[in-house]
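Here's the structure, in structure tokens; my notes come after.
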Amino acid sequence: MRSLNEKCAVVGIFDHPEASKLAYFSLHALQHRGQEAAGISTGDGEKLYTIKDRGLVTQVFDTQKLNTLKGHMAIGHTRYSTAGDDSILDAQPVFARYDLGEMSIVHNGNLTNAKEVRDALIKKGAIFQTYMDTENLIHLIAKSDQHHLTDRIIDAVKKIEGAYSLVFLSRTKMFAMRDPHGFRPLSLGRVGDGYVVASETCAFDLIGAEYIRDVEPGELLIFEKGKAPKSIKVFEPTPKHCIFEYVYFARPDSNVYNQNVYEMRKAMGKALAQEQPIEADMVVPVPDGGVPAAIGYSQQSGIPFEMAIMRNHYIGRTFIEPTQEMRDLKVKMKLSPINDLIRGKRLIVIDDSIVRGTTSRQIVRMLKAAGASEVHMRISSPPTTDPCYYGVDTPDKEKLIAANMTNEEICAFIEADSLGYLSNEALLASVNGKEENYCTACFTGKYII
Amino acid sequence: MRSLNEKCAVVGIFDHPEASKLAYFSLHALQHRGQEAAGISTGDGEKLYTIKDRGLVTQVFDTQKLNTLKGHMAIGHTRYSTAGDDSILDAQPVFARYDLGEMSIVHNGNLTNAKEVRDALIKKGAIFQTYMDTENLIHLIAKSDQHHLTDRIIDAVKKIEGAYSLVFLSRTKMFAMRDPHGFRPLSLGRVGDGYVVASETCAFDLIGAEYIRDVEPGELLIFEKGKAPKSIKVFEPTPKHCIFEYVYFARPDSNVYNQNVYEMRKAMGKALAQEQPIEADMVVPVPDGGVPAAIGYSQQSGIPFEMAIMRNHYIGRTFIEPTQEMRDLKVKMKLSPINDLIRGKRLIVIDDSIVRGTTSRQIVRMLKAAGASEVHMRISSPPTTDPCYYGVDTPDKEKLIAANMTNEEICAFIEADSLGYLSNEALLASVNGKEENYCTACFTGKYII
Amino acid sequence: MRSLNEKCAVVGIFDHPEASKLAYFSLHALQHRGQEAAGISTGDGEKLYTIKDRGLVTQVFDTQKLNTLKGHMAIGHTRYSTAGDDSILDAQPVFARYDLGEMSIVHNGNLTNAKEVRDALIKKGAIFQTYMDTENLIHLIAKSDQHHLTDRIIDAVKKIEGAYSLVFLSRTKMFAMRDPHGFRPLSLGRVGDGYVVASETCAFDLIGAEYIRDVEPGELLIFEKGKAPKSIKVFEPTPKHCIFEYVYFARPDSNVYNQNVYEMRKAMGKALAQEQPIEADMVVPVPDGGVPAAIGYSQQSGIPFEMAIMRNHYIGRTFIEPTQEMRDLKVKMKLSPINDLIRGKRLIVIDDSIVRGTTSRQIVRMLKAAGASEVHMRISSPPTTDPCYYGVDTPDKEKLIAANMTNEEICAFIEADSLGYLSNEALLASVNGKEENYCTACFTGKYII
Amino acid sequence: MRSLNEKCAVVGIFDHPEASKLAYFSLHALQHRGQEAAGISTGDGEKLYTIKDRGLVTQVFDTQKLNTLKGHMAIGHTRYSTAGDDSILDAQPVFARYDLGEMSIVHNGNLTNAKEVRDALIKKGAIFQTYMDTENLIHLIAKSDQHHLTDRIIDAVKKIEGAYSLVFLSRTKMFAMRDPHGFRPLSLGRVGDGYVVASETCAFDLIGAEYIRDVEPGELLIFEKGKAPKSIKVFEPTPKHCIFEYVYFARPDSNVYNQNVYEMRKAMGKALAQEQPIEADMVVPVPDGGVPAAIGYSQQSGIPFEMAIMRNHYIGRTFIEPTQEMRDLKVKMKLSPINDLIRGKRLIVIDDSIVRGTTSRQIVRMLKAAGASEVHMRISSPPTTDPCYYGVDTPDKEKLIAANMTNEEICAFIEADSLGYLSNEALLASVNGKEENYCTACFTGKYII
């Protein structure tokens, strides 16, 4: 039912005897960032090994496959996809043989000059076998005049624009690189005697790794056996962190941009209570996304928090058509109201965002049908008015309800008694941030690149 | 990880053109009561049709199969099972041909005199092809001297003891029967121009049915085309409702024994706050079971509610062995703490019950490792000291930690800073009940039969 | 494409440390007798263990499952089925608990008085949970007045009529029984220090067993640990062996009724050449069934044998509709002619039987389209005019082409240049048999029972 | 069990409204040339569409997928593979975007200068994402200085050496090209108003196409809408057809190099009878490969043909370990002797080739154990002494038994009473060929390139 989707997660493990296994569990912790495909490349100092396929991490890998992924270093990827049957071709890691040997690469983010770069490369005789931006990078590296891979990577990233949190394997080294704006998160940790990089710190918690610091925007980290990771400042950092990671994408138990996601969301809820107060009987989250903000709203307003909408865990896929008695079946299969609790009550319903408005309307209708006397929708982020070009799958602008309707119109459309959004200023304040350090383009249309 | 499991759900649909489809969705809503097998029998006035198999409801049935389940009446079953590969044989409905024609039956509960009845039947030449209590019933009906099925059902249930919420199909009628103590729930509703019975009312909500009343303990309901359901009081009702339905089994959005489950759990949490107060920084539920009680505890005590333990939805099955860095992997795959939120904090952790104690210990350890300064475990029910013989899968008494340790010993075992249970009296008060109307045998050892 | 199907295979293993494994491989060798479901029961002297499911033997069982089938004795079953989704309920072995303990049974054949027996049993209060004849037997055994199982089995089989090759397990013994007419085959062999019974001797070859003799019609064999098998002549043998086992069902490498199937088929082909000679350029079998008879026909007639129709092994299931260029797609997916070999040639095509005539017509058309100048169809058995009631799945009489058309009409229908069947007398002579010892009801309509 | 494997099949369909469906069925007919992966690309004049995956043709495609493969032209590929889990990356067609737009290509054969070409391309900055030779070709086309695709293809194939039967799609055209030696087969046919090219003519028969002629060695065919196919003689033809297509790879119902495969095999059998006569009781093929040659041997020698080894069609995969009674289980699961037929008899066993010798030994042992008094192995091709570099998967030379043992040693190894191969001269004569027109490198070590 969700309309905005993070496109991927990346991980890297360096210098650990069970690198493929650590990559596997790290990807498992990051499964929420992409459920369509998963892949791991490993290296043993001689050769790279790659397995990738459609499916969840637990479906793609088993003990036997992890055992064939030999070596002390590993990179991994999970992927969200809107593509068709052929999408396996677009799974990562992307592996290539080129003049310096073998490399494998994983990428979270989206390049904004991908088409220009690709066209220029194609003009010079390059062929593109996938539809992934990432393929640009291996071409740029392969075609660079520099003699050393490190220099080539620097060369290559200077030619690309947009969002990228990258992890590379060469025959003997691992590299991690984040774009100068640090659009997407990437953290560095320590596991056993080795290192780990991952999109979110929840991966560290599962594998028993210890957080060190974030990879800096514009920083290239080089991992070489027997040495401390070497840092090169490729670009001057000009942070423009994706604020939507705090709003919705990241797991609440992760620290992203060095702050805890749950606490950020709770702060948004508190700010929302201040900006968009309303008299009511209870504060109700749309689970699971709205829970921390609802707790914050409740604590700030003093209105009791109630888990009045239940999330059903046994959904599975059903292709059975409903009968005429069944209304709102699709949403009800996933979410159900506690009728007795809400009958005759005034509800403040907290959700993280409204994209097309259809799900919100189904929820409002369901709550009204269950007897709620008033439903006040409160959104812990500003209206989503603009698509993302930095690694999030968003609908076209004409499908974003907030790009096409006033708040009053949206309120009418979703059939709520009132509707309130968090202001962009309050959102920034909630995450202790300044406008210049965050990308808020999906709320403001101010694209950096 | 759960150690107590409800054994099944039953549903019945009468006089609806899409009976099999309504049974399918009803079972889907009741999937939490049994995930091992599912089955539906339907009847079109001429013949009965049955499909049952291992798996979730969505796995067992598809459109084509539902279409072969013809007719205007349907019964359905989902099943929990500890049995081995052979368990398909023990899926329900149980179908039989006998001297009055065909019948099919679904059963939630457990017969306490099953062995005696079976031995007596076997002595008379009966054969038993499954390990289900339910097989007793069809034998008793088939062997009864009565001429009419209604009389035979009455005959049969008078010979059995224990817990049973039953739904039968004959060629033209549907029957619903609940044991005199009403151990397990069974509600009656209206859907379209027909009727529905189901273990929990959440099934009614999904299919757009309207709750009428509970089937009474000791009541037999007979559904015949073109007539109002006929009620026969087979036994004088002596209610002994399973109180654990309120504590853990039923879905919070269901009404069971005519009261809302979520509200009962919240009341238990409030009572727990009164009986087992402690100074702390936050109240934290073990999700999802502990959430309503934790909200109640927080509201009563004024200590803030925090969702400091997150539940991971992408679990899947993994057979990959952890590395040595990974501690408490099994619990962490499912539950993760919000480290920054709990670091240095005193936590009141709310769970619905402690069965063996091992999971509770893993949770306490995980929270301590995440930095909690104190972990106070509060349980929204009394100590689970005795196994259930009325339809719940419980470990043997020697494995029930509360049957073998004092509260202090349990507290030490689970490594908590303190441990508090709700008293049986407070539990009963929370559900507005009197001791004589509820079965609390798992807490008190007072078995009715 | 085949229209006649053997309904099952049975095996029994007694006194071997790897009984379940031997049963598994025996069933694998007998897979041609039933591909819908497979099952094995074993016994260790204490308890019986059963696993059965839909699918091929290799799909139903794996190492883990075979290991749970403990004990030194095992019985097994594969099954053909026309039934629907629910057929799992009708898989064998049939297991039951009854007054003497536990038993499990497998059955090849069909009881002709099943309905009468069942109705009588039902009148006495029995319930039937499956649609298998076999269920009658366990009821009869359970209800017998005798005190010992051996006597009860004798009691039971005296009440049933029709075809049955049975193998039973009790807690400590194995029993094998064949009906007085010996309709279906059953052979006895020695494996290691134990014994094996199986529907066909090809099972013996695979597991390294040595053939001893056939179980006699009307004979009950009792296998008890530490003793030689005990034989009881329950009925005077009046053999009426199913001659269609020789014509089509049994594997050519099996010995059935103590004669080799391949050689019988070759003899039929020779006799066919004598009875139905025709001038032609080559003798061509419809593979695989027609191969041995075609070799016989060629050897007798001196007309060269050619494998001019190829069987395709990569069929798989396809649901793709053909284009208009594709004629006879269904048969061509399975069988393809060698065009250059048959162009302008006169062909004698050998098949084992014609059931509905539609497949034969497709084959003739395909050969003509490939350029054959003449196609003479020769059938190595008499016209199939009557359905089988002794364990073969045959279409209704109105669908048997030979029951409704003269040979000339059939020839015209299948568009052949000539058609010749083997006479019943020549068929009997080919298998060295006398009419009184074989059941030829499918050719003659002379039903014994 | 087979040790030599054809690496692939290719097909192309041009100007047919159901191009993807025709490609599907054509691949189905060619499934014997590769069972690991299958793929189809289509074009509608605007865009190319590709689906490829692991599995049989019937597993990879369904109606829905074929429907997404829009357009009037299609190319397809089936693939044999020795590679690991990652092999999906090496499935074909290979699709690429390059400076002239999009192209997709399928390839049967093996390039002998692949490494040199690849190294040169890599030196110029190309990246290789798969392990397929075929990737060279798209690079060469993309980097060619020519302006038109036709010229680029000519440019590219002039840089490669080895075996290639290729089919390309561009946005609007289809191209078919065969190497100057015509190592691998490729035939041209007519279907509806359009054209088809395929590795073997058996594909034509299934889809109702009419054979026109073979694509000539060195010929490039260009298919353009509304025009007759245009032929360009890129290279002077110097045919060196793979003779092993006749010996084993191709289907007997195919015409390859314009002659029927079954008849060629029969001729080999006749020649073998002349060169390697022996007194015996019967001629027995190893099914299915040895059947036509055995028929030829029998017809020439007058010794009766018998199908004394049966092929089992219900193999499936089993991981169950045999018991100690089971000898030669692996071969017996697939092939079983007709014991009664061969007991005491002298057998001439006909097979197409001996690669490692282990399977032949198992067969001889099995036949001896079944009672054969003599087993004379006759092979319808010369000793396989050298690996193939033109598109066949052969073991290393040290594993080819004929490269390391004399005929006497091989005879002793396989435990036969005598062993006879067909001479290379007789093989060539059987296929009406001259040494200079066939590649016999696997028998002679005379490599052309």
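First chain written, first letter: the chains are A, B, C and D, and each begins at residue 1.
Methods note: a residue touches a chain if its C-beta (ideal position, glycine included) is under 8 Å from a C-beta of that chain, and two chains touch if they have at least 3 such contacts.
Each chain and its UniProt protein: A, B, C, D = Amidophosphoribosyltransferase.
Note that this is a predicted model, so its numbers are computed, not measured.
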Fill in the blank from the handout: Co-neighbours of chain B and chain D resolve to A, C
Completion exercise
Taking each chain's centre as the mean of its CA atoms, the one lying farthest from the centre of chain A is chain C
Exercise for the section: Please work out the Cα centroid separation of chain C and chain D, and write it as a whole number of Å. Expected result: 37
Handout entry: Centre distance in Å when chain B and chain C are each reduced to the mean of their C-alpha atoms
Key = 47
Practice task
Return the distance between the CA-based centres of chain A and chain C, expressed in whole Å.
Solution key: 60
Handout entry: Residue list for chain C, restricted to those that touch at least two other chains
Key = none
Exercise for the section: State which pairs of chains touch, listing all of them. Expected result: A-B, A-D, B-C, C-D
Problem - Of all residues in chain A, those that touch chain D in their complex - result: 50-53, 65, 68, 84-86, 88-89, 94-99, 118, 122-130, 138-139, 142-143
Problem - Complex contacts: residues of chain C adjacent to chain D - result: 16, 18, 21-22, 24-25, 28, 31-32, 35, 56-59, 61-63, 66, 191-192, 202, 205-209, 251-253, 255, 260, 262-263, 288, 291-292, 295, 298-299, 304-308, 310-311, 313-327, 329, 332-333, 336-341
